[in-house]
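Common to both upcoming complexes is chain A, partnered first by chain B, then by chain C.
Up next is the complex of A and B:
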């Protein structure tokens, strides 16, 4: 039996045993966490092996319900996506051991572990699915298991609402995917992946757009991202980490897989993806800037990073359509590597946010402050995550962004619309990078630096050791990929060989570029240490004193006078006003002896208000007219079903 | 990676490093001339550095290790820039295809830590400066990358050494001079923005509320402040050299003449900065983004022109 299946069985065993042993809370957690980590480790080993050994794709299939064939195939692309699935899930399981500390809710925790195991299995099966029906089935399994993970705190109204929104989006997205499958099935007449490339070009575009909307709503592409800022804050932090770090990438996998299967030749596909990437990337980071809740802010950063991934893939697709091999190789490799990188640093940041939430009881950025002193490990690993997500060297985010830049720059010799979009890609990447750095200086600066803005923040202490260790592991990988990028980039290049254009293209000739990056990063670190040493020498024997911060002449400062996250981001969000609506409420000072004044600001998501106004309200209005059909009479409901079947039989 | 440890390259690097503070004196002298004053001595910046290096430091009780890390990181990134820049047409110490992307991101890293160090002090004024700095520089960075894209379109180059040495050099004397003229103006605006000069920021102002860069380093003192200052001089030198290399191709064949002309052009660029500072007032904070977007619009225009007239 194959290692991959053994790994999945092990994870399944870990999840199932939790349902039996939940009365012995500690035992349940130890067993669940250790088996899931074991299974993930095995799966990870198998996936890495699959990529680097370049062995024949693993294939397995079985008949299911006599008419459907359930078949799996692990090729290089699948194996590449399996890496974050297994790696991040394992670390998140380790994190959950201390994070899920509420003994009172042992049954809910056991269910959580069960659905967690189910989510890992379904995610790994989606990326291995080898026909339409297996893909659809595992996709649904993934959606449903993640829905149950989101509503862990189901006794809270906000969490239930978030769960409903997520459930709706995931099901509506699945409908679009199935519609796309329908388009394909209508022309091929089989569920197999093999015949898809042969369907007419015009149908390809329709099918691709339908699947793009479906997968895009899972991935969080703007404007289908609305569930993310609701679901991520509602879910437990390790679940947010896995959902944001890994699950939304399965949406990206869907787009990549169906792009490969459809094998289109038109430049339209690449252009469409780039436009979506620009919108998601820039608006994602602008909305993130305007958010005051740390988990909601991170959720919008997922939208931004999905935008960056799309920019990479779009550049790759443009390269394929125009036969530009360098552009194609770097675009795809950059997009794929960013999938891995984002899974690492985003999980790291969600782990950090979870630790904050656990110790201070609040996720409101403007209520925190000065936590670097009280939570030194969380603070430092959060800093590493922030540097990585801002795409700064020598951390991992830079490597994938560099690959995308490199691909985009080399595509600048194209003409017409493709040239403009390539140029816009470079421009947006630069703008996204700058704004992401702005956003994370805000988070780190307001939350971890300065003085505590509330009692809870002033009393906080460092979190549990396993929570810290899981953060340190990820932080280490952020730095590792930044300094030794070659094996990781090699993996991304190997995965992008699945594209027919690049099958015999020697993309490894570009690895020296990466070793240059690595050397420059190392040089930077050496120089940094050298200058830090010189600084130490300069200070030897000097008088160093401590004092309060210079208040610019004001002698009685309070912590309430500090700049807040809202004020920090205000001018930047204002700049993007046509796309971002900010609601401000200010009581003003209008009497001689002013009383208490209040100010609040709220950034509205334009796509959410637009969707509510133009789609949800009209539909609700129409459906309201049909409400008389819902009368609660079960006999009549059965009658509806019979009627529906009869009508369908007529059409057949 | 091309590594050049030749005497010329190393000598240029050290000369650039040593003369960066002197060139700042040019700006002060030009400003003094317009104000009808004698101005500070030419070597004023060296005096400042020496004075700062001899002092100790006072650290705020609010700060953490980030505060001490800020100056070191920003200085290191500035030095990295100089390592990769071909001064006066000489081969830079290091270069590789794609280095510009990495270097501008390293500058971003330096800025990230400068901003964090400012927020570390818990001072509302420093927070204000930090917010302005990240906003304006993210716009300037976008303009820079459009310039880089244009250069790639024109010459297929992606490193400073390729831009300014060899056969595909981009400058005002090449075929696409009209486009480069737009780039020079745009880059000069970026120079003023990134180095906190008038009309974006006024390094000589005395009110904390109106500052950008100066307010962020209010709490730094002693050698830490010296590192920040030196880093700022290096960054200014880098941008001024960038503009200079666009203005003139330093390819006369004789290194000696190259260096002489380079020194003259550099002095002119610094004098230009002083001139702008003397004859313009600074903008209101909310109009600064429009000013930076002017540079952006100029390069975008140049880029659109390449679609029809070049290739």
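Up next is the complex of A and C:
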């Protein structure tokens, strides 16, 4: 039996045993966490082995119910996506050990571990699925298991609402995917992946757009991202980390996989992806700037990073359509590497947010402050995550964004719309990077620097050791990829070889470019450490006094004189006013001796209000007209059923 | 020649019509028991390729036990325990229901003839018509009676019809019995569940009148 299947069995065992042993709380957690980590480790080893050894793709299939074949195949792309699935899931399991500490709710915790194991298994099966039915089945399994993970705190109304929103989006998305499969099946007549490339070009576009909408609603592409800012704050933090870090990437995988299978030749595909990427990237980060809840803010950053990934993939697709090998290789490699990088730093940031939530009880950034002193490890690893997500060297976000830039600059000799879009890609990448950096100076500045804004923040202490360890592991990897990017970039290049155009393209010739950049980054890091060391040395004999942060010479400074997140971001959000509606409520100062004054601002998500206005309201109105059908008379309900059966018998 | 199966089918039809006409719950339950026995006996008298085998007899005995004894007994108890007023309470009158049943027979014969099942022997065709009538009558009972308990009886009569359709269309082979056994098991469970539901309805509303359940809509 193959290592991959053994790994999945191990994870399944870890999840299933939790349902049996939940009465012994500690034992259940130890068993669940250790077996899940073990299984993930094995799966990770297998995936890494698969991608670097370039062995024959692992294939396995079995008949199920005598109707269809459940078949799996791990090629380079699947293996590349398996890496974040297993790696992040394992670290998140480690994190959950202390994070899920409510002994009273042992049954709910056991269910959480069960669905967590199911989610890992289904995610890894989705990326390995080798026919339409297997893909659809595992996709549904993934959606449903993650829904149960989101509603862990089901006794809270807000969490249930978030769960329903997520459930609705995931099911509607699945319907779009199935519609796309229907288009494909109508022309191939089989569920197999092999014949898909042969369907007519016009059908390819329809099928691809349908699948794009379906996968996009999972991945959080603007304007299908609405569930993200609801579901992520509602779920437990390690679940948000896995969902935001890994699960939404499965949506990206769906797009990549079906792009590869459809093998389209038109430039339209790449242009579409780039436009979506620009919209998601810029608006995602702008909305994030306007949010005051740290997990909601991180959710919008997921939208932004999905935008960056799409930009990479779009550049790659344009390169393939126009025969630019370098552009294609760098675009795809950059997009894929950013999948891995984002899964690492986004999980790290969610872990940090979870730690803050656990220690202070609030996720509102304007209630926190000065936590760098009280939670040194969480603060510093959060800072590493922030630098990575902003795409700054020497961390990993820089490497993948650099690859995308490199690919985009190679596309500047294209003509027409492709040229404009390539230009826009470069510009929006720069804009996104700058805004993301601004957004994280806001988060880090408000949450970790300054003085505590509330009692809870002032009393906070460092979180549990396992939580810190899991954050440190991820922070280390952020730095590792930033300084030694070679093996990771090589993996991304190997995965991008699945594209026929790049099959014999020697992309490895570019690796020295990257190692040079990495060397500069390492030099920078060494310089930084050196200066820090010298500073320590110079100050060693001197007296160091400590006083309140930003005292600014006031004799009676209060913590309320500090910048708030809203005021910091206000001018930047204002710039994007046509796309970002800001609702402000300000009571104003009208008298000479002002009394109590209130101010609140709320950034509205344009796609959410648009969807409510143009889709939800009309549907509710129409359905309201049909209310008379529900009269409560059972006999007539049976009549409906009979009528339906008769009508179906006659017409079908 | 009057075949014994024709007599059986006629009896089933009569029981169906009577069940539409009967105004007492107890009479309805008794009719159901009678119908159950008749329906179970149908495979015995049909012209089969293998003749009467040991399996067939075993199956017949089990069917009689479930359809003719066990389920009617459960219903009998339910009527005794739950229902105070043992009137059927129709929404559409008895004579109108009876007339609907007669129309149902005509409709079933029409449907059977239009299905063009040429390879089916004659008595199978008659059986199919009876089966469809039984099913339709069950539906009429479901739709036009007010008490929840008549709904259960209507459902069971409909199930009798479904069983007859299976017998009419399927070849009398081993696998059919396997399927029917499974259905039988489902049936018992369904009756038990419906019994519990009946009890709960009775507890909540102090009656088994389904019009009261209209309050549950939002």
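Everything below uses one rule, namely that the second predicted complex is superposed on the first by the 600 of 652 C-alpha atoms of A that agree within 3 Å, B and C clash if a C-alpha of one lies under 4 Å from a C-alpha of the other, contacts with A are read in each partner's own complex, and residues count from 1 in each chain.
Throughout what follows, a residue touches a chain if its C-beta (ideal position, glycine included) is under 8 Å from a C-beta of that chain, and two chains touch if they have at least 3 such contacts.
This is a predicted model, so every value here is computed, not measured.
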Report task. Based on the superposed arrangement, let me know which partner A:623 touches: chain B (first), chain C (second), both, or neither? Result -> neither
Query raised in the report: For chain A, which side has the bigger count of touched residues, chain B or chain C?
Result: B
Requested in this report: Kindly classify A:642 by the partners it touches after superposition: chain B alone (first), chain C alone (second), both, or neither?
Outcome: second
Report task. Considering only the touch criterion stated at the top, classify A:158 as touching first (chain B), second (chain C), both, or neither. Result -> neither
**Report entry** First (chain B), second (chain C), both or neither touched by A:632
**Finding:** second
Report task. Have a look at where A:24 lands relative to chain B and chain C in the superposition and call it first, second, both or neither. Result -> neither
Report summary line: Residues on chain A touched by both chain B and chain C none
**Report entry** List of chain A residues in touch with chain C within their complex
**Finding:** 630-636, 638-639, 642
Query - Complex interface listing, chain A residues touching chain B - result: 369-370, 372-373, 383, 387, 390-393, 398, 401-402, 405-406, 409-410, 412-413, 415-416, 419-420, 423, 426-427, 429-431, 433-435, 437-438, 440-441, 444-446, 449-451, 513, 515-517, 519-520, 523-524, 527-528, 531-532, 535, 538-539, 542-552, 557, 559, 561-563, 567-572, 575
Query - chain A-facing residues of chain B, complex - result: 1, 53, 55-64, 66, 68, 71-73, 75-77, 79-80, 83, 94, 96-99, 101-102, 105-106, 108-109, 111-112, 115-116, 118-128, 130-132, 134-135, 137-139, 141-142, 144-146, 148-149, 152-153, 156, 158, 208, 218-219, 222-224, 226-227, 285-286, 289, 303, 307, 311
Query - Residue ranges of chain C touching chain A (in the complex, touch as defined) - result: 91, 139, 142-146, 151, 210-211, 213-218
